[in-house]
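What follows is subunit A paired twice: with subunit B in the first complex and subunit C in the second.
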Partner chain A sequence: MSDIKVDAVLDITNEVCPMTFVKTKLKLETLETGQHLEVILNDGEPLRNVPRSLKEEGHRIVGTKKDGTKFHLIVEKGM
Partner chain B sequence: MLDHNIEDEKYKVEVTVPVIGKSAGVLSFNDLKTGGYIKQRQKDKFTVRCMVPGGRLPIKKLKKIVEVAEKYGADYVHLSIRQSLEIPYVDYHNFDKVVAELSEVDQKVASCGPRVRVPTACSGCEYNPNGLSDTQGLTKVVNDKFFGAECNHKFKTSFSGCPIDCARTSEMDLAFQGAVFPEWEEEKCTGCRICASACQEDAIHDHPETGEPIFFPDKCLYCADCIRACPTEAWVSGKTGHIVRIGGKHGRHPFKGSVVAKFVSDEDVPVIIEKTVEWYNKHGVGKGRIRIGTLLREEGMMQSYMEHMKDVFKDKAVKDPKPPLEINIQE
Partner chain C sequence: MKFTEEQIMRYSRHIILKEIGGKGQDKICKAKVFIMGAGGLGSPAALYLAAAGVGTIGIADDDVVDLSNLQRQVLHATSDVGKAKVFSAEDTLSAINPNVRLIAYKERVTSENVREIIRDYDIVLDGSDNFPTRYLINDACFFAKKTLISGSILRFDGQATVFKPHAGGPCYRCLYPEIPPAGFVPSCSEAGILGPVAGTIGVLQATEALKEVLGIGDQLIGRLSVFDALNSTFREVKIRKDPDCELCGDKASITHLVDYAQAPCAIRI
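Right after this comes the complex of A and B.
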C-alpha cells in the first residue's frame, strides 16, 4: 500500500459506530474524486461497518494493512 | 375480575359485522376475540386489533386508524407485541362503523385464536444493512395466502432478515431467517486479513503467511459480514435463502424451535407453510389445543414431520433434526 499517495489521514479508533462512518464520510467530502484517504480503525464493529458502507457509497478500498488490532484502509473517493 | 372470566363463552353480545368464521349476529366473547375484537374489563368495550403484517403500516392506513380511534376509541392506540395496532375502548355498538371506515383504506381487523396469525417481520433487506432476505415481501405473500387458516391452536410465523434474528424465528411455530453461504474466489484476494477480523464466529482464520482466509463452514452462521467487509469482492454470495425453524413458542413454558431446513427459496416458503399446517392438523386431531412444538416433542413425531416434508425440503432438509427444546424461564 506504500505506492499510493495519501491525500489525508483520519484516525477513527476513538469513535464508535455510527460516528466512525460519519467522520469518514465528512472527511471524504473534503477530497476530490480519485483522491485517497487513509482511515485508521479498530477491528470488530468498525471493521464490519466502515468498509461495507464505503463500498455501498461508491468508494473503493485500494489498499489495506493490518497493524495489531487496528487496520489501515486506503480509500479512493468515488463520484 | 380476572381476564379469563370475561372471555367466557357464556357472555354474548349482538354485533352487526361479520367476524372471521362467523356472520353477524349474537356472538360470544370468544368468537369475537377470535375475530380480533377483544373484550375489555370495561362494560361494552372492546379492543379492535388492526392487522399490520410485518409491522409495516402505510401512512394512508395509519391516518385512517387515527381518525377511527379518535372517533370511537380512547385517546391512545396500543402497539401489540406482535406488531398489530390496537384500538382500545371501542363500544361494540360501533363495530359496523369502525369496520366500514377502516375498510375505506383496506385496513383489516386481525385474528386471534386457533389459526395462522399475521406474520411478524423485521424490515429486511430493503434498507436494513444486515438484511439478507425480503422479509416484507414474503410477509405479504404469506399473509394474503394464509391469514385466518384454521389450525389446532395458534400458529405464529415470522421472518428475520439475517442471523441476528430480530423477529425471533426460534420462538415461532414456523419461521424463516435469511441466510447467505459465502464463497471465496482466490484470484481476487489480496490477503488483507479483513474478513478474518470481520467474522464474529471464528469461521475464518487468516493464513499466517499469506493472510488469505481459511474457512470453517461448520462454524458459519451465513451472515455475510465477510462478503460485505472484503474490499476486493473476493467473498461472494453462494447459495442464498432461508433457515427454517419449527416448533418454537413463548408463554410460561417456552420452546426453542428446531432448524429443519437450510437455504430454502422464497418460492418454497408458502409451500412449506401449507404442508406444515397440513401435517399439524392431521396429527393434532383429538389432542385438543396443542401447539406444533408440543406435538413434535412426542415420540417419533419429528421423523414423521420430516418424512411428510421430504418432497418440499429435498436436499435442503437438515439430517435428523432434534425436537424443539423446552426452556425454563421460571428460575
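Right after this comes the complex of A and C.
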C-alpha cells in the first residue's frame, strides 16, 4: 500500500460506533472520487464494521496494514 | 458548512444515511421552513424539523395556549396555558435544538401580510385549522411558487399531500375548488380528534418537508395519503391537476389573494 498516494488521513481510534463511520464518511465527502483516505482505526468492532459500511456506500478498501493494536485502512472514494 | 463536534454527534443518525450524509445535513441546516399554526399539526412537525436541524423555522399563530389544546398540541405544556402559542413553541423548540433560528409571528395571517411572511422561506407547511387560512396559504404559495406541505385531521382520520403546481402538480383548489359553505363545515361540537392522529399527519408533513429539502424519494405530489386510525390503514388517492382550476388552470380567474370569512362555530381543531 506504500505506492498509493494518500490525500488525507483520519484517526478514529478515539471514536466509538457509529461515530467511527460518521467521521470517516464526513472526511470522505471532502475528497474527490478516486482520491484516497487513510483511516487509522482500532481492531475489533471498528475494523469489522467501518470497512463494511464504506463498501456499502460504494467506496473501495484498497489497502490494510496492521500497526500494533491499530490498523491503517486505505479507502478509495467512490462516486 | 463545517460542522462542530456537537453537530456531528447531534445529526449523526442523519449523516449515516446514504441518502443524506454531511451534504444532506448541510442542506437541512440551511433550509427555511414556515409553519402555519402551532397547533395539532404544527406541533409535531415543528418538533421534528427543529430536532432535524432545519436552519430557520418560522411559526405563525395568533392564539394562546388553552388547556383543551394540550391533549394533542405537544409543543405546549400545562405551565404554558395562557401564553402565546408562538412563544411557547419558541421555548420548546430552542430547548430541543439551540442551533435553530426561530421566528415567531404572533399575528393573524391575512391577505395583507402573507406574501411578506412566506417570502423568505423555501417551504410552507400548513397546519392551520380552518378553510379560510387553507385557501389563503394555498393561493399565496401558488403565486410565490413555494412548495406547500398540506395536512388536515378530523376525528380518527387525517390526510396529507404536497402541492407543487410550479413543478406541474395540482394545487389545493384542484382538489377542493370552492370553500365549503358554512353549513357544510362541521361545528365545534363535532370536531373531536384523537390526539395521535394529529401526530401521525404532522410527522408525515415534516417527513415530506425534509424530502423536499433533500431532494430525495418520491414526494406526495399528486397523491393524497389518507390515514384511517380506526382501521389502521393508509390509502392513497390520486389528485390530478385540474385544467379548469380557477387558480392554477389554463384560464385561471383568481389573480389576487382573498380573505374568506370563517363561520362563527366552524371547526377549529
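Simple rule for what comes next: the second predicted complex is superposed on the first by the 79 of 79 C-alpha atoms of A that agree within 3 Å, B and C clash if a C-alpha of one lies under 4 Å from a C-alpha of the other, contacts with A are read in each partner's own complex, and residues count from 1 in each chain.
The working rule: a residue touches a chain if its C-beta (ideal position, glycine included) is under 8 Å from a C-beta of that chain, and two chains touch if they have at least 3 such contacts.
Keep in mind it's a predicted model, so treat the numbers as computed, not measured.
When the shared chain is aligned, subunit B comes close enough to touch A:Lys55, but subunit C does not.
When the two complexes are superposed, the chain touching more residues of subunit A, out of subunit B and subunit C, is B.
By the document's definition of touching, of the two partners only subunit C reaches A:Glu29; subunit B does not. Residue contacts after overlaying the shared chain place A:Phe21 against subunit C, while subunit B stays out of touching range. Judged by the touch definition given at the top, the superposed model places A:Asp43 against subunit B, while subunit C stays out of reach. The residues of subunit A shared by its contacts with subunit B and with subunit C come to none at all. Only residues 3, 8-9, 12-13, 15-16, 18, 21-23 of subunit C touch subunit A when the two sit together in their complex.
On the side of subunit B, the complex with subunit A involves touching residues 129, 190, 192-194, 197-198, 200, 211, 225, 228-232.
Listed in rising order, the residues of subunit A touching subunit C in the complex are 18-19, 21-23, 25-26, 29, 56-57. Listed in rising order, the residues of subunit A touching subunit B in the complex are 43-44, 47-49, 51-53, 55, 60-62, 64-66, 71, 73.
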